[in-house]
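The following blocks contain the structures, represented as structure tokens.
In what follows, subunit A forms one complex with subunit B and a second complex with subunit C.
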Partner chain A sequence: MNFSLLKLEMATCGLAMLVLMLEVFVQRRDRRFLGYVGAAGLLAILAWSYCPSVTAGGFTVGSGFGGMWVNDLMALYFKRLFLVGTALVLVMSVGFARQLEGGVGEFFALLMFACTGMMLTASVNDFLMLFVALETVTMSFYILVAWLRRQQQSLEAGVKYLILGALASAFLVYGITFIYGTTGTTGFAGVAAFLKANAASAPLKIGLLLVLAGLGFKIATVPFQAWVPDVYQGAPTPVTAFLAVGSKAAGFVLLLRVLFDALLPLKPTWVLLIGALAGLSVLYGNLAAMPQRNVKRLLGYSSISHAGFLLLGVAAADSFGVSAVLFYLFAYLFTNLCAFTVISCLAGTLADDERENYAGLAQRSPLLAAAMTVALASLAGVPPMAGFFAKFLIFAAIIGQAKWCLVIIGAIGVVVSLYYYLGVVKAMYWQEPRETAAIPVSWPMKALLWVTMLAVVGIGVFQGALAQRALEAAKELIK
Partner chain B sequence: MDFLNILNGTILTPLVFAAGLCFMPARKWLAIRWLAILGAFITVVLSGLAFAWFNINDPGFQFVNRVTWVESLDMSWHVGADGISVVMVLLTGIVGFAATLVSWDITSRQKEFYVLLLIMIAGAMGMFASLDIFFIYFFHELALIPTFLMIGIWGSGKREYAAMKTTLYLSAGAFVALIGLIALYLALPAADRTFNLPTLLDYARQHPLAANVQRFIYPFLLFGLGTLVSLVPFHTWAPIGYACAPTATAMFHAGVLKKFGLYALIRIALPLLPVGAHDWNGVLLVLLLCNIVYGGLVAMRQKDFNYLLGYSSVAHMGFAFLGIASFTFIGLTGAVLVMFAHGIMAALAFGLSGYFFAQTGTREIKELGGLCRPLPFVGTLLVMTAFASVGLPGFANFPGELMVLFGAWQAPGWHAKIGAATVSWPVLLALWGGAVIGAVYMLRAIRNICFGPTPAKWQSLVDANIFARVPYVFLLVVLIWVGCYPKPLVEAIKPATGQIITAIEKAMPAVAPKR
Partner chain C sequence: MEDVSGLLWRVLAGPLSAAVVIWLLCHKSKFYTDFGPIMERQAAAFIAIGFLAGSSLFGYWAFGAVRDGAQMENRVLYEFLSAGDLMVEINWSLDRLSGLMMMVVCGVSLCIMVYSIGYMHDDPGISRFFAKLSFFVFSMLGIVLAGNFLMMFIFWELVGVSSYLLIGYWYERPSAADAGKKAFIVNRLGDFGFLIGILMLWGITGEVDFVRVKNQLAAHPVDANLLAVATVLIFCGAVGKSAQFPLHVWLPDAMEGPTPVSALIHAATMVAAGVYMLCRVSFLVFGSPVAMEIIAWTGGITALMAALIATQQNDIKRILAYSTLSQLGYMVMAVGLSNPAGSGYMPAMFHLSTHAFFKALLFLSAGSVIIALHHSEQDIWKMGGLLKKMPITAGCFAVGALALCGFPFMSGFYSKEAILGLAYDHNPRLYLLATVTAGLTAFYMFRCFFVAFFGNTRGEHAEKAKESSWVVLGPLVVLAVASICGGWFGIPEWLVENKAISAEHAPRAVMIAALAAFTIGVGAAAFLYARGATTDALNKLPVLSWVLRNKFFIEEIYMVLVKAGQGTLAWLCGFVDRWIIAGLAVRGLAATTRGTGQVLRLFQTGNVQTYALWFAAGATIILYCLVR
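Moving on to the complex of A and B:
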């Protein structure tokens, strides 16, 4: 039992509990600043993860707990992604605190508990561990999504997320019982060994399909996407952002681990399945986003389409495709946080997130409009934004595998997505505003906007370092 | 990165000025304008110096600077110029400077306008100066989004529709081309994969790609890049885009950005995929003749002067394509010269049209009339631009189109016997389309706009003042200078096009084109 393998997770969990306790000692009106404490703590943990004692020297890199746990470069890559994402979401939540109606300390703590769960998912090497880690994330989100309990939309989103999430968890655990029943093991390595030695029986296939269905819910791919638009629209904006960047990435790391560790012998089969899901998600997400008028809802549909693009990289099924997925997730993190920060800054001023309310935003707040434009351009995959290089890698991966059908579907998706993303830009820049009063933006939010914008452009122009890390992590997954 | 490298200078100067303008207070718009003009001026001086210092006896790439960018993909910041690039860099500088100068008519949100314009100039510089396939594409896309915003914010008429249509067409075209470029990158064995163009050219010289691979990849590039150059039937974005765009955007896009497709075809597709290009040549020939003839016929029916100019640019692009399709040394050299000449001419035409529009508020040819009387200076310039467009000797278009036609005449397999004479039918059609149809629509429009009785409402128009004249005169001087003395440009272009033709000859001895 080498607990030092878990030290990043334990530190994050401890930090969450610390914030929870600190809340008692802080004046009610100052409690929202606990978010900064949390963010600073997470960044400290992030810095710690770069210490040689964590990354090298062997004692934390490796597997433990009877093979249930693996700490490799990909795990570290994702843990860092979750730490950065959660820290930025915490800062965003501080700006959103007025809308939260109390209990902000718990809100911050829950975000960090969810982060702990996500960091656990990064190291999962066993189906039981997978379930535990995923439920840690999902449970936190049940509460977070329904946080605005006086608002009907938030409650509706909460109920929807709870019911469909519980259904997905049921799929997952049911599938795991099938797997255990047929193979006699829950470890990824054991399942892989079993599959190598024996042909997959029907109950085992059912079990694996059920597990994939449970994960499909997390990453919001077709046909498990039904919850996305309503939940994205109804949840508090920082929670939506966290769902988009954190929950999705957690789903993807699990999917990668299951597919490339446990199910590697079945690769020819699941490549077809993932490819089909990818194509459907790209088409559905993009086509359904076209008529949307609510910006948060639109980003919900766009999140389905991005799940599709990410799955394209998975369907390429080589180290290059996986590295593209890893790069994409980081680019997507900053891009989405930039977009949702803008939405959360507007939450106090605009009546709702309808596109009409964004009309003339460029005249009311040039910074918000510019940040939204950068984010949307990155989502659409326009240089010099990070999203462009991410899509470039994904397409390079599937063209490399000569999957021309998927290339064509992806190309259609990219062009269609330009239409609705640019529709928002159009509203912001050349429709006349209904009101002309300037929209105030507090300086921490300004800082957050600048950080995310610079990150989006920075990753888009200086892609080398991140692409290298992603490739190293991917090569470790696919030996 | 070598910041003293002149090509890096041409890319980074407008970018630095754009970044600097972001931090200026928006109400100081006059200072912003002058700073933008200064930035564009430094850029044009640098591009002029690059052309002046360019050694025409050296057939390789000059002013090279290479910095590794993404090692695992062998992607690098790699600038360098041969004769084709250096001519296009010069064109970008000239048109960019003129477009910045003419923007007096922008009266709202000047800061954003000049920032976007400078980004566009930097993007265009980057795509012509880069020697890395990824960055060539990257810079082109960088210039595209400003186009969308500029048409939408400062445009006129159906600007929202035009902005959306132009952007979707161009993005779709660029994306198809990107798929082709990635496929090209992946067609090499894993150890030799690179985005570095000189290495790729060397590689292709020694190990030509398999013919079926070439035939598969080339249409992606042809139709993707063709969309960007308004190759029929993907041309419908061009007229409405230019009609609705603000003057500077129309000038810069029609003059410079549109040439990207041709440039990439000449630079990437021809030397790397000669067999593919040869096998798809028949399709290209039919489409480009549609460009010349059909584009010209549609231009005859236009009532809006900018639409007419838009269709005329569709027709002119056909000539550049004809030079490429001819597969001959003189034709290809002529194509590059046409790209330069049309760039200057289109910029001048759209600039003058913008001046008329700012004065009269209309672009309807019927509404205008007799404008040479109240506006003698601008009117005369417009007449001369029309002469250039028609291809009159003395203007830059003439030598370019002449060389293209010579090249097309030499092209093997395009001849038919009519009576006793053997004639090249594409040349006949192109001549008819360019010289006859082109003359009809241009001269008719000029007659209606500049001559005839002057309606009372146009009597009080004021001619351009000395400041407003500068960009027009600048462009016209270049047009006449190149028209009368094209030698410096041709001498610079020749070694580069010669190398491309040599590469084709080596790859396909069977269909060796003539020198």
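Moving on to the complex of A and C:
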């Protein structure tokens, strides 16, 4: 038992509890500043993750806790992604705090608990551990999604997420029992060894597919995507952002681990399955987004289509494809946070998130309009934004595997997506506003907007370093 | 080897930071007033000049490192883009070629920036001017130092943008705004070819880096025709930027910009970028005789045609513009005629360097005249008698004109002789053409000089003309010295290290013929114009003068072609767009997609039981497909 392998997770969890305790000692009106404490703490942990004592103390060597836990470059890559994402979401939540009722300290703490869970998922090497880590994330989100108890939409979203999430968890745990029943083990390595030695029996296949269904719910791929638009629309905006960037990334790291560690012998089969799901998600997400007029809902559908693009990278099933997925997730993180920050800035001013309300935003707040444009351009994959290069890598990977059918579907998806993303841009810049009053933006939100915008453009222009790290991590996963 | 890459970053960072700093401070005009009345108007100029001086210093260090033998080809500084086989890096190429060009750009820019303080003194947008000028210098240095085709293309376009901005600097004048647009669009035509050429080359070799492309071509020879096509396409970029026939039409119009801009961009540096680029990719050009032939003839025709047109222009800046065209034609011709085994691209680069100095000098002298005439008169027939009123300016103009015409022992003499010698050895027809052009050059330059500076004053502004201030004259004198001595610094020896080749001189016959052409040209100009002519003597040859004055009607031909071509194309496009694309493709497709979207929306009932059903049904279908 080497607890030092869990240093980062324990620190994050401790930070969450610290914030929870501090809330008691802080005046009610100052409590929202606890979000900054949390964000600063997470950034400190992020800086700590670069210390040689952490990287040398386990991240280069294999596993721990009887093979349940693996620390490698990919785990570290995702842990850093979660830390950055959560810190930014915390800052966004501080700006959103006026809309949040009740204990904001608990809200922040829950975000950080979810972050702890996500960091656990990055190191999972065992189906039991997978379930525990995933539930840590999901439980926190059940509460977060329904946080605005007095708003019918939020409540409805919370109930839907709870019921469907429970259903997905049930599938997952049911699948795990099948796996344990047939192989006698829950470790990824054990399952892989079993699959190498024996042909996959039907019960084992059922088990594995049920597990994949549970993960499919997390990453919001077709046909497990139904919850996404409603929940994205109803949840408090920072939570929606966190769902989009954190929860999805957690789903993907688990998917990558399961596919490339446990199911490597079955690669020819799952490549087909993932490819089919990817194509369906790209088509469904983009086509269904077209008639959308609500911006938050639009981003929900776009999230489904991005899950599809990410799965395209998984379907390439080589180290280049996986590195594209890793890169994509980071680019997607900043892009989405940029977009949702704009939405949360507008939450107090606009009646709702209908596209009509965005008309003439450029006149009311040039900064918000510019940030939204950068984010949407990146989502659509317009150079030089981060999203462009991410899509470029994905396409390069599947073209490298000569999967032309998927290339064509992806290309159709990109073209369709331009229509609805640019529709919002058009409304912001070329339509007359209903009101002309300037929209105030507080300075932390301004800072957040600038940080995310610069990150989106910066990653797009100087992609070398990040792509390199992603490739290193991917190469460690696929030996 | 010392690390010069750090120096090069600093060389580039100087003008860029100047542009950014000025741009940031521009918004807060109060900043300037805080520094007192001098800074109030000139802060931007001091920032720009200060940063550029720093850059030039670093550039000089790098230059010194090259002189001491440092070769920094293909040092990767940063991987800009790496995906599969495609790898694009940010790297610099610093060798004798780019070192020389860098020093020319820095030197001329510095002189011109100092001069601009005087020239732009009363302009309200002076900080905007210096910001744009600094940005131009940054882009130009980027072209010079770029280590691969992609970077060169990016900076190439940046130079195009800054040129557009500077030509249209007085944007409130419609003619300036139009000239900016024209320059940009015509350049785009050439750049289109350039881009296709780069892509072709990338397709052929799989590389975009200069050195690696070179090695690749050396290791795996490819079809000569294919390579010739790629080379000619890349040459298209130079045709646009260096204003060669048939894309030369933008350069004379570009004279709408302020005179320092004309001097820096449209005479000394940017238009030379095309020639520089050809020298940079000389390994390509020299590998295909067909392309060289095309390049040589393009240059030769441009040189002659522009010289002919220049004899009948009346605007002092336009005369200089056509003379620039003609000299650029010389340089391009020299690239096309080069002897790869011998002097290589030396004659072209030699002429480029000397031309940068004496053409900048000529433009700045013209600018000094324009200042004296209160920015309101550029017609040489309304000047006259300025020799007595502004002797220093007149002297500098004369030095520039003599250098341009190849007066013995001036810089232009040596470089022109190198080109003429090359033509004499390789292509007698082009040699004849070049010699005739040299005679014409002497004629039109001295026509301009005699009409503007000799005789009696012929305009009210010219009556009141005064010599300009020292901030204007200082750079003139510096450039005049450089124009006189430019041929003595050993530029040929710098470019061609083989002493036997660089010391070679053209045959005596070439020299005598060139001198004869010079004498005839100046003599004719003196005979016709030096005695106080008030109208152009060539008016007596109405047809010739009519054709030349209208620039061979090339613009008019373009107008007709564009109108007819565009009209037909527009009708065709309209038809296709209205009936085929809009009717079938767009409306059909859009309706289908939107319809699908609407149908898919029906799945989103908002009912959680339905969602759970989809979830389970989806899982079941997958299970059925795989476990079956």
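Just so we're on the same page, the second predicted complex is superposed on the first by the 474 of 479 C-alpha atoms of A that agree within 3 Å, B and C clash if a C-alpha of one lies under 4 Å from a C-alpha of the other, contacts with A are read in each partner's own complex, and residues count from 1 in each chain.
Throughout what follows, a contact is a pair of C-beta atoms (placed from the backbone, for glycine too) under 8 Å apart; a residue touches a chain by one contact, two chains touch by 3 or more.
What you are looking at is a predicted structure, and each value in this text was computed from that prediction instead of being measured.
Engineer: Quick one: subunit B and subunit C on subunit A, clash or fit?
Structural biologist: Overlaying the two structures gives a clash between subunit B and subunit C.
Engineer: Looking at the overlay, what does A:Val414 touch: subunit B (first), subunit C (second), both, or neither?
Structural biologist: First partner only.
Engineer: Looking at subunit A, does subunit C or subunit B touch more of its residues?
Structural biologist: If we count touched residues of subunit A for both partners, the winner is C.
Engineer: Which partner does A:Lys426 reach: the first (subunit B), the second (subunit C), both, or neither?
Structural biologist: first
Engineer: Looking at A:Gly400, would you say it contacts subunit B, subunit C, both, or neither? Reply first, second, both or neither.
Structural biologist: In the superposition, A:Gly400 contacts both subunit B and subunit C.
Engineer: Does the superposition put A:Ala377 against subunit B (first), subunit C (second), both, or neither?
Structural biologist: The answer is first: A:Ala377 touches subunit B but not subunit C.
Engineer: In the overlay, answer first, second, both or neither for which of subunit B and subunit C A:Leu164 touches.
Structural biologist: A:Leu164 contacts subunit C only, not subunit B.
Engineer: Of the partners subunit B and subunit C, which touch A:Phe388 in the superposed model: first, second, both, neither?
Structural biologist: First partner only.
Engineer: Touching A:Ala288 in the superposition: subunit B (first), subunit C (second), both, neither?
Structural biologist: After superposing on A, A:Ala288 lies in contact with subunit C but is clear of subunit B.
Engineer: Kindly classify A:Tyr142 by the partners it touches after superposition: subunit B alone (first), subunit C alone (second), both, or neither?
Structural biologist: A:Tyr142 sits against neither subunit B nor subunit C.
Engineer: So which subunit C segment collides with subunit B once the two are superposed: 40-48, 58-66, 112-120 or 238-246?
Structural biologist: The listed stretch with clashing C-alpha atoms is 238-246.
Engineer: Both subunit B and subunit C touch subunit A; at which residues?
Structural biologist: 392, 396, 400, 462-464, 467-468
Engineer: Which positions of subunit A touch subunit B when the two form their complex?
Structural biologist: 362, 377, 382-384, 388, 392, 395-396, 399-400, 407, 411, 414-415, 418-419, 422, 425-426, 429-430, 462-464, 467-468, 471
Engineer: So in the complex, the part of subunit B that touches subunit A is made up of which residues?
Structural biologist: Within the complex, subunit B contacts subunit A at residues 68-73, 75, 112, 134, 137-139, 141-142, 144-145, 148-149, 152-153, 159-160, 163-164, 167-168, 171-172, 175-176, 178-179, 182-183, 185-186.
Engineer: Hey, which residues of subunit A end up touching subunit C in the complex?
Structural biologist: So the residues of subunit A touching subunit C come out as 159-160, 163-164, 167-168, 171, 202, 205-206, 209-210, 213, 217, 222-224, 226-227, 229-230, 269, 273, 284, 287-291, 320, 392-393, 396, 400, 416, 462-464, 467-468.
Engineer: Considering the complex alone, what residue numbers of subunit C touch subunit A?
Structural biologist: 78-84, 593-594, 596-598, 600-601, 603-604, 606, 608, 610-612, 614-619, 621-623, 626-627
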